[in-house]
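Below you will find the structure I want to go over with you.
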């Protein structure tokens, strides 16, 4: 594990940049645990201060330090996005691989469910679910709901990869070597599917963050929990865009973009590392 | 005399064709033969590409269900084996060897895993030592040993070695029948011989019956006891290998037999030139 | 331009079309700190004459495809030419493959065509076959579209394909048909030089026979030179004028095919030929012991020595040079003793 | 039955099942909504006026009868299907008694026009850029535009829209920032109206294009970089085929096929509207209608929009599944 | 390109309208929303009387269709209304008493129509004794029956008999295009609900509003347009495409003030700009939820609030603070706020261990001091002036007293956490609406923070569109909303007070009728309500009873009044001048207030307007 990290850092510039970016954002986000003010506290500081030596990223109209706000917001948004991403990857993997490998009835049932979810429009369903659950709609629950809506298309991709692996000789060989279905899927097919998983993960993450922002902008969010969407929500409530408080809106977005770019670079370089083709080249022959 | 494997008027058709023009393709038509349980043999199926050899193999292995007829293995209808337990019991008796040794092993899995998995699942072995012993014993049969294989990946070994490991793995559950679908078509001439020779030892020393599928008539002649020649899903000739291949009676079999190039430039050249002559003649005829 | 059919060329023209000198091409890889160098083509020198079929044989992974790709100028990373040169002689002009990319590009398909290994997959799966002909050949022929079409159809008919196939998608054709198409595509411009990599592997015997006849026919009609690769010695026996044997990236023996089959000079060649079974003969054939050499870390001295029945101490340390012997060349310290062994 | 008909029948059954499940799920969720349309109307009608509690009670009774909201959940469910099969979603509750269908039909042309166009544009642009960037890997200009697209990709739609709104409405006020067309223009195929619709659609469309382009770009680029190593591409390069032909006919064409499925899905999604963008630019489309419906607890309306969207996407998936064999010559039906 | 096709900009007033959901629906009397707030009731409907919410004394009252004030018989069972002569519907049909009778009878016959329920409850019989006299015979004495026909925001509008009698189902009739009884008539509308355009009637003199005018109205067209989200509204006004904004956040207001310069007018010409509506945002407690049934707890929570931060956070200081439970606007200032200052200052509260005087009359100066750094000289120093801007006073934050009150109520403090008498930690979920009323959401977050800091963990719960329903159903502990609205232009508090009758309080979980959202139950209050019903609307005793109620509300603190609902509603003066203001409060100015018509006919073209 450690040696993989070392290899990647040493020999892959993309990984290095991605690692630095993500690491910086992560540390920055983690710093909110040590913030001088609680992240929900308001009017502790003079409002509307532009970026300065004292307040690096300025202050909001609610008298909060944008720096510390983003720190907390990115942390929460990141946990949300990553939770959605991981949960939906797990579902997509399970459904896609099982469906593609087993085929037949199981495939038909799973793909019908899958198509149903593809057809369900995300935003209205989420808004409605939020409506029904109201303040029971904690962020893990929201993440779960989003994850349940966000796996379907990727499951189809994974299924098509598994489908092509199903008839490869090594799969049939594995079966005759007595391997069980989970063994075949995890040991034999997973390495080939992982690149797809990594690739779709990034789009999924962006989708999740976008969802959070959308819900927040429309007023469906827990205002007590700072998130990127929440910051935009409060900035809107204070008409920051027309009032010239640009730092309230711009910096959180910059942070999201950097986080995304960092994770993206990590994803593509790790992808290259785990891609069976490059793995084989490394193993030599 | 008891039958090890009995194919009784077995047929298999596939729906094929494009979007609008769909029809049934009869990949195997009415195939019957019986392998004797008491007398191990190498039973060869030859035939051109697309003649239904692989389909037959897949049906025997239970990977494909015949659309007509039955396949019985030790009296049991293969298509009726559904439960996992029965499948495992069946697989312990019937094992496949695949065409491409590099494809048959996942390049990202160590080779010994296949051996261990087979030993654990089919022999019910639990301890590491037992499993390794079983794997080693099987490898000894093919002239390898576990030390050479342990922890290695497929790309670290030659095709011949891989194919031998594949055979060794198939031997672990002491199968009665091995189905080898074109086990040598992807390997070069010298490796080819090592595998074919191995089959012969298996038959003679371990009493395993082997269904050897190939379109290489020379090796078929070299090792088989009995042979059937398939053409477009039909068996057009069957019988003792030396007799059938040495002196085919059907037109198609003869054409096949004559197309085999001998390892001799003069003779080989003559065959090609004859073919060329026929082509030219056909062309001129069409031109006039 | 060669707008007209060449007359049946005589086989005697001896001037070389291709000269390969001390060619070295390695796969140089560097993945996450693991760097490896696979010496797939290691110091190869050969010439090919006009109107000659030259066969290259050798076991799997010995570097046959790599050599042929390097000759065709079809290399892409990680394969790199380390040293040496590949020169063609077309229309009296010398073309250095690795020093004159523009001329090389212009010569492609017009003077030099290439049939890749696994030619089943070289056609664009989503386009009809006719487009491939148009893309590859149209601009070299200087014909009107309809004349071009007629020419292509005539060409296909000559190689035994129904012109209907032009309207098909590749997947609608059988492997044999695609293989023939690939050869048709490579010959439609009537180039002086054709490079073919395993043109018959994975075909069944009947189709293989057909394809070989086709290659022979093309060569006889166009007077082209052909270099082709296969590990199937019987194929070489059938069409090659001369054969080169590759072992572990090196040319170990070269000579006229008749002579080679009758009296192989190198122990590896001898083994190859001896291990071929034939119908009517059931005497036991032995297989080569040991495993193929690892080209990233080849054996010292003569690369064949770990598996060679005749190996002596010298073989382990000194690499034998490729020297003329009889009608060909061989690289073996004990070349003369092979037949006896 | 012949193979194709059988396949078609099975696929059609699945299609019906998808719609049935999806709509049922939407029905369930909408009817769990805590917003009671009667209460919503009552408070609308009693707001800001003197209110006598006795009369409020009367009003409530009268309204729930009028809206036809009596009966058990299951009875309502059956009644709903009964109506839907006739293409009727019943009256809107917040816009009583206007039929939901006519509200949707009023909004649909706007949304469909705006989204179809922007989906197509972003699909074309994203794929073109992605394919170019995947094929000409070392081109600096393409690298830069790739970086720009990548940086834009994670920016939420709301922010992109807001930036455009500020730029073209405030800093440099040249484009209308609100509505679908100029006020007091009568809809029709007049030059003035069509021109006005186009001008008003520019900012929302640009937002959607900018937001949409990223994912097409990324997936296209990765598809292309896989395809360039395929044998047939390598072979064409060896054959001296011009790089333009290789790019368009060998690379892009193969890579576009999987993207078509995505396009079909996006086009199917058009019927759900672009909630955030329409909300921001006050665009009279389905997305805005949906938000209004959710806010006012008008589950007839929400369900109507959701059902339309589900059907549209299911149809898109169905159609692309049927068409795919025609588009991609390799696909055979198993 | 014209901003509005075919309509001269300098004859047009552009007003912010809501997005009309049911845009083709113009039947005001049936549910369906539609264009009713897009000018329909504001410009074309009419009824007997109007009260200007910002007015005082007699000027606040306008006879519209009625020629005179309502005349009741002695026991308030009969009301007679004299109608003006010479009023015509826009299609030329004369308006008569028959229209009124038809309106009442049709609505009674059709439950579900807007005013059906109150007519059914009240009216026994209605008759037109002559074409210009209507007599209502009531089922029971009701001294406030006329308020059904009295517009503060809206009221029962008169239906055009000649149109509706031809219609089979008045509930399903869309009334498109509507005939107008007032000075404007529909010109065109957007099917998508983004705009509706109203045009001055040619015969505008033949309307109740037109009769009183000396000069023709200069506003020929009124455009109600949905100008998008608050940011878009600000931009549109700065681009001169939106003359009247209904409401934006304080920051948006300040932006306009900064950028528009002289082209802007507002209720106050400078800070705090905002118009105080006669509604009273408060911290509402649900008295059916413990421990909010305890007045000591409510008082303790009130004393924990630092109202200055609330004013700053919610309104940037631009709040009109209210200690009394009636909005400090219009006539409430002379009738209640000014006279009751002494009482407030003398008011004593028993904390259990001592009595304190919690009232702080200097709040206005304190807030002024906080905003002066930003607004400088524009903030006057005259305390009287400051009181009209920032309010008369509020409760001083007194944590010690709050502690004592909580202890009196049996609470204990562990560390920095208050525990309830039953030993559970005291935590509050404070509900706010959120999106539509951002200032109150902002107030909520500050109050939540202050309570949390004092050891009562408070979380803000954004209810969004479910807000109204949750308030009605009592599904909240505490909320920022209002349960008090007044006429503004009249001292009678029955507007909200009547519904505080304890008889109307619903069981927990059942829907509470509007107004008494806190479910406050008090015998003293019931007595005041009963007394108020007996006296006439204009009786001077109304004020006395009003003060009794206000004192009771201070003592029991049923909810914590915070401030008037301050609305930032800037006007663009590029094309129009003469908007109402604190200095000249001649009419209401909110676009959805039906009183707006009096502003529209009074506006003057700006001579410096850009020429078309």
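Observations on the model:
Letters A, B, C, D and E mark the chains in the order given here, with residues in each chain numbered from 1 onward.
Simple rule for what comes next: a residue touches a chain if its C-beta (ideal position, glycine included) is under 8 Å from a C-beta of that chain, and two chains touch if they have at least 3 such contacts.
Labels paired with UniProt names: A, D = Peptide/nickel transport system permease protein; B, C = Peptide/nickel transport system ATP-binding protein.
Remember, predicted model here, so these are calculated numbers, not experimental data.
The minimal number of chain-to-chain contact steps leading from chain A to chain B is 1. Between A-E and A-D, more contacting C-beta pairs join the chains of A-D. Distance from the chain B centre to the chain E centre is 89 Å, each centre being the mean of its Cα atoms. Separating the CA-averaged centres of chain C and chain E is a span of 93 Å.
If you average the Cα atoms of chain A and of chain C, the two centres end up 51 Å apart. Inter-chain centre distance (chain D to chain E, centres taken as mean C-alpha positions): 39 Å.
Residues of chain D found to touch two or more other chains are 34-35, 162, 166, 170, 279, 294. For chain E, residues touching at least two other chains, in rising order: 229, 231, 235, 464-466.
Shared interface positions of chain C, defined as residues touching 2 or more other chains, are absent.
Listing the residues of chain C that touch chain B in their complex gives 59-60, 157-158, 160, 174-176, 202-210, 212-214, 216-217, 231-235, 237-239, 257-258, 261, 271-273, 275-280, 282, 284-288, 291-292. Listing the residues of chain C that touch chain D in their complex gives 72-74, 76, 105-106, 108-109, 113-114, 116, 118, 121-127, 131, 135-136, 169, 171-172.
By the touch rule above, chain A contacts chain E in their complex via residues 40-43, 61-63, 131, 134-135, 218-224, 236-245.
Within the complex formed with chain C, the residues of chain D that make contact are 230-232, 234-236, 238-241, 245, 249-250, 253-254, 257, 328-330. Residues 1-7, 19, 21-22, 24-25, 30-34, 111-112, 114, 116-118, 120-122, 144, 147-148, 152-155, 171-172, 187-188, 190-195, 197, 223, 225-229, 231-232, 235-236, 238-239, 464-466, 468-469, 472, 485, 494-495, 498-499, 501, 504, 511, 513-515 of chain E are the ones touching chain D in the complex.
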